[in-house]
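Below is one structure; the comments refer to it alone.
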Amino acid sequence: MEACQLTVGYRTKKARNSVASNINFALGQGELMAIVGVNGAGKSTLLRTLGKVQPQLSGEVFLNGKNLANYSPMALAAEISVVLTEPIASKNMTVEELVALGRQPYTNWVGTLNDDDKSKIKTAIWMLELEALQHKKCYELSDGQLQRAMIARALAQDTAVILLDEPTTHLDLYHKVQILKVLKSIAHETKKTVVFTSHEIEMAIQICDTMLLLDPTAHTFGPPCKLIEQRAFERLFPADTVSFDAKTGSFKIEK
Amino acid sequence: MDKTKIRFLTTAVFIVLLSIIGCKQQKQQLPTKNEAIVKTLGYAKGFTIVKEASGVTVITITSPWPNAGAAFTYALIPKEKLATITLNKAAYDAIVSVPVERIVATSTTHIPALEALGVENRLVGFPNTDYISSKTTRERIASGEIKELGSNEALNTEMTLELQPDLVVGFSINNQNSAYETLQRSNIPVVYNGDWTEETPLGKAEWIKFFAPFFQMERKADSIFKGIETSYTEAKELAKKSTSNPTVFSGALYKDVWYMPGGKSWAAQFLKDANSNYLWSATEETGSLSLSIESVLEKAQNAQFWVSPSQFTSYQNMKEANRHYQQFGAFKNKRVFTFAKTMGDTGGLLYYELAPQRPDLVLKDLIHILHPELLPEHQLFFFKPLD
Amino acid sequence: MGSANTYRLNFILLFVALLLCTGINISLGSVSIPLEETFTSLFGGTLENTSWDYILWNYRIPKAFTAILVGSGLALSGLLMQTLFRNPLAGPFVLGISSGASLGAALLIMGASLFSGLSIFSFVNDVSLAIAASIGSFLVLMAVMVVASRVKDTMTLLIIGLMFGSITAAIVSVLSYFTDAEKLQQYIYWSFGSVGNLSWSQLSLLLGIIFIGTILSLVSAKSLNALLLGENYAQSLGVNLKKSRFYIIIATGILAGGITAFAGPIAFIGLAVPHLTRQIFNTTDHRILLPAVLIYGAILMLLCDTVAQLPGSANVLPINAITSILGAPVVIWLLVRKRKMVF
């Protein structure tokens, strides 16, 4: 997947509200990328644009060499799956049913699951450690468990790219790490490209293959160590409040 | 030839000539037997009756409801002729075999006609039987001979079907009554009675002639109507003799609207025929006028008589309902008369039931009220002074 | 919830219940017809009392069919609306469709005073009333579709539908104010709703309408399930939002509009039956819900009609009142028992 001169934002009748502009990056198969930045930098907007959930303002996005705009919804559903921040409308289905919905792009008009579908669902449930929960209704799950179920659904959709918007919000440290580790194994083992937005910059540095740092002055893209060398993180927050320690790859509070 | 042969020939020719002439005469008689007889109606405008030579009577209702687009034709076949005559079903809205033995009626105005013709015992069902005032019919209701059928708008189809009447006399404001349609699909004929659209007192009374053919009682109906007509016209002539021409108004307030009978309405015509000055007689409406209290007060404050003030039965009631009523001279002088006090046992108003059939009684009541000197011995029938 | 076998068993039970309710509905009415006679007539025998024959075949059986069609159609359209708008308070009339039908009927019955001189208004009869109501609901449906294609947010569509409903109801109010008593009474009687007195030809028309609506809904079953996650997720699963919204709204319009045209506006069934079905079947899968809701709707309607007939008495209650009086406590009981709404 790659983006060229991408500008993302909101369009209203009167104005084009550009949130972030001139974004460029290129991703290969099986890479785990994090999109980080300060609040309002445009992380979610960018992710949603990549998933064609909202339209871009200018520039282009290519998937497997083909312009995103040329993909039909059905074809795109087989290539990109998303996990968003919005809550699902109905929590009354079982985990298994939820994950099974991920197979919709491949089933017939009535939605019957064949053996291939069933095995993909099973694999997704296993990867996200949901076997014990699979017959429970979604409203019975904790936030973390529900998040895992949503990821399992995206995984069952068996797409080349998985986009996740803030997958670790509202979770405690253990679960945050758990989710990120799962994402990494998904990327490396199933060779899917996984892109997520996060506020957990320190964790992202430790775990990701590449990172995209959205900064109003200049966006930087590359492997974490490279970005550290470029001192990209130091420009992120006001230096008198927060400073970045390149050796440990962590932020420190300036007293 | 011989003499016998000649004689034979001449008689033969004679006989032939005679028969030819005879036949010609007969041919001239036959056309009169094939003519249909159209019944003459002096006042009613809403229906026509044609008696065909075959014995079939055709009734055409031209005014089943106001502004009706199409007319309804009904064919009445005598029972004994059913086997011999076949009619085109599509040409008639209903085909009824007469005489009718079991009849369902839907409006209290139908009851007096049935009673006058002496066939009230053939009534088997009626919606909202509580409205009926007639004592004879109430007895039949109490004994269960007349079945309660709900309401006209929502006629109980099941019970009507169970009754299996020979005829249903219905009325409607348009052709939309699904219960009637179900009955007709079950081969129970439904005919529309439009007597309530008739605009003149004698016109309404003449509808007894509409009922008559169904019971093969045309002559009886004619003589009954003649009696009513004579009684009415005599009363009218009598009223003309009076020298006074009292001012009259009618109606009452409902919420903020005063409903006043229009100048050409049925009620207004009685007032005119009773030789009174109905203050709104110049208007063209055949229904009610919607007036404000101000315009009524302005015109009728000093009117001498107030007739039919809506549903009120006592001066106290009226005072409590609206203090403006006390402003009227007729109220202050206790010259208010109403028909609302004359009720049947279950609350039905006799006026609505019987007045259309007996306009002569209405007229006499009004003459007695408005010109007391003309009919001093008349007992008030419908109208009574307010309590 | 779970195996296909449990579902199969449930459906068989439901179907049996439906037959039972149909039987009860046909056996009870204002006129008391003994059960043996009903059965004899149903299975081809002729009755001595021909009026009972008439009643059964010309009134009760068409009425039962109408009730089944009306109940299932309304329940189905209610389910569609609740899923499309992801709102448990939605019903088939939320887009203003029944208000449109009411407006059509009101114009025909009471509009003569406004459009005096137009002779069509004298031809009010059963057929023209159904046509007027259909045109009314169709026009509102068209307006809604136009708006739907311009509005991205489905919630906005819901509000706009409610606004359409208000406008049409207001126009009806004005008409009612200026009309005379008989016309008003007739309009009010129409608005009470009625499943009796439909002819076989009208019934077959209604059957066709329900059939089309059901087919459209079945075709949308997959997208309905996806919509349960939300529109963005549904789109990411390949659902063409515009197209599925279109089908769902058209299906609802056809079902609700057609039913209101023939039977008047019947309240509550469309709102309550989907909830009832979800509670009892404990699933949100539309492949189960769609057929289940059809059968439950039919059963509820049959029961309401049986009660409305007031067996044994000449009076008949308006079906609208009965559907609410019977249906509401059932839903309340279910929710209180389970303490949580399944949606």
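Think of it as A, B and C in the order they're written, each chain with its own count starting at 1.
Definition applied: a residue touches a chain if its C-beta (ideal position, glycine included) is under 8 Å from a C-beta of that chain, and two chains touch if they have at least 3 such contacts.
In this text the structure is predicted, and so the values were computed from the model without any measurement.
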item: Nearest-to-centre chain - CA centroid comparison; value: C
item: Remotest chain, chain A as reference, centres from CA atoms; value: B
item: Centre-of-Cα separation between chain B and chain A, whole angstrom; value: 85
item: Between chain B and chain C, centroid-to-centroid distance (C-alpha), Å; value: 43
item: Residues within chain A bordering two or more other chains; value: none
item: Chain B contact footprint on chain C (complex, rising order); value: 29-31, 50-52, 54-55, 58-60, 109, 112, 119, 121-126, 128-129, 180, 182-183, 185-186, 189, 194, 196-199, 309, 314-316
item: List of chain B residues in touch with chain C within their complex; value: 67-70, 147-150, 153-154, 156-159, 161-164, 173-176, 178-179, 181-182, 185-186, 287
item: Interfacial residue positions of chain A with respect to chain C in the complex; value: 51-53, 73-74, 76-78, 80-82, 84, 86-90, 92-94, 97, 101-102, 104-105, 107, 109-111, 135, 139, 157
item: Interfacial residue positions of chain C with respect to chain A in the complex; value: 1-2, 86, 218-219, 221-222, 225-230, 232-233, 235-240, 278, 283-285, 287, 340, 342-343
